[in-house]
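The next block holds one structure in the form of structure tokens; read it before the comments.
For clarity, chains are labelled A, B, C and D in written order, and residue numbers in each chain start from 1.
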């Protein structure tokens, strides 16, 4: 099972490279062309989320993305920030609420990210990391 | 020190993604534009070499590339294949010899790869891997 | 200090402002993500601080936009609403319209394929 | 079976053959690396097996070429020499010329910016 791993210092600039990698590996999986931009977007959202979590909690470890080509194309993005009650969700609040509520822009972005991930990826999970450390966004696309 | 790690199953197709990653990270380091195609080529050569070594010795572990942005931009590509007397070289045989000798195409490609790496990268090392396992091509470009 | 006609170009994002009647139009070119969003946010915040209330953001030059970008748009809309202002998103691009739809934000924003000609 | 006029297109490499006088010209488009080199090698081997001895490889459509690609060229040159044949590399691209120079292979290959017109 071909595996590609991509780990990066939690800085926004590397999220762009992560998107490139995800789309590039998906293309060679091969995933149909019309799905590539979805993979690119979804991987970017998952990586941004991980970087944001590392920053919020001051975690300097590398964010890790693992791409596996098997029966499906699976992308897993792991962070190593503390898991709170709110971390392991896959559904977002309603869009109309976002513009009204007095939530800060970070929380707002997080809700939008969840909404996007849910809309883009049918097979989506947000699970606890290995040994209970951090969280993993797991996305799969059938091949 | 920003770090990006890229690990991949030793298959030729992933070398293309590795080149993309190396060039992309180098661009954001930032390395001057005129050096980007050199980084792309050199990283590709180092990764191809690692994949070839894994295949020759039947090693299925991931090939690993590590990119570090510090005082210089450093790219290290590690393989985990046995190190023989010939492994740790940075200089190739003369080009004229290649076309005459009855070496097989793999050996030939290896010589050309070394010649290219030597020509492209001023600060080049080929060293033994950690714990004496495998070899590491280490390339640095000043920032 | 006036911002009109100012062009800000970073490595990956180009921002420019023009006026169309009473409307202030910000055109964005490049990729809006976690890396460039702070720049866009700062640019828009400065415009609002200068008193702009009728704003349009033209995203037809945007190649990629993620949730961070949408977050900036939502924040801008909220602040404009607080002062009785308005925001138009000028967008004809398929890919970009899709992310507004997936998030349900097409119901929240006033999205138009081109600039309104009546100013 | 004749190979002339045949076009082989894989995901990343496009190979086509034409004749110019007595010369057989293979045009390569795409990236030549460890992934696509086997395809190029197979294509050239088949041509040689069919008796082609005066060969030109046009690499002006090549975006990227690594040592694996150069290895294929060297192997082809050696096999052509064994049968008294000849190989011309048609190349005007800066980046490609550079890798021939860095490896010293510009002294080994007959490299020309364009196809010789005298056939």
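Couple of notes before you dig in:
Here is the rule we go by: contacts are C-beta pairs under 8 Å (C-beta built on N, C-alpha and C of every residue); 3 or more make two chains touch, one makes a residue touch a chain.
Note that the coordinates shown come from a computational prediction; the quantities given were computed from them, not determined experimentally.
Set against the Cα centre of chain A, the chain with the most distant centre is D.
For the pair chain C and chain D, the distance between C-alpha centroids works out to 50 Å. Distance between chain A and chain C, defined via averaged C-alpha coordinates, is recorded as 25 Å. Work out the mean CA point of chain A and of chain D, and you get 43 Å between them. Contacts with at least two other chains are made by residues 13, 16 of chain B.
Among the residues of chain C, none is in touch with two or more other chains.
Checking each pair of chains for touch leaves A-B, A-C, B-D. Within the complex formed with chain A, the residues of chain B that make contact are 1-9, 11, 13-14, 16-17, 20-21, 24-25, 28, 62. Here chain D touches chain B in the complex through residues 12, 31, 33-35, 41, 64, 66-68, 70-72, 74-75, 77-78, 81, 95, 99, 101-105, 107-108, going by the rule given at the top.
Residues 12-13, 15-16, 19, 37, 40-41, 44-45, 48, 51-52, 92, 94-96, 98-99, 105-106, 108-110, 112-113, 115-116, 119-120 of chain B touch chain D in their complex.
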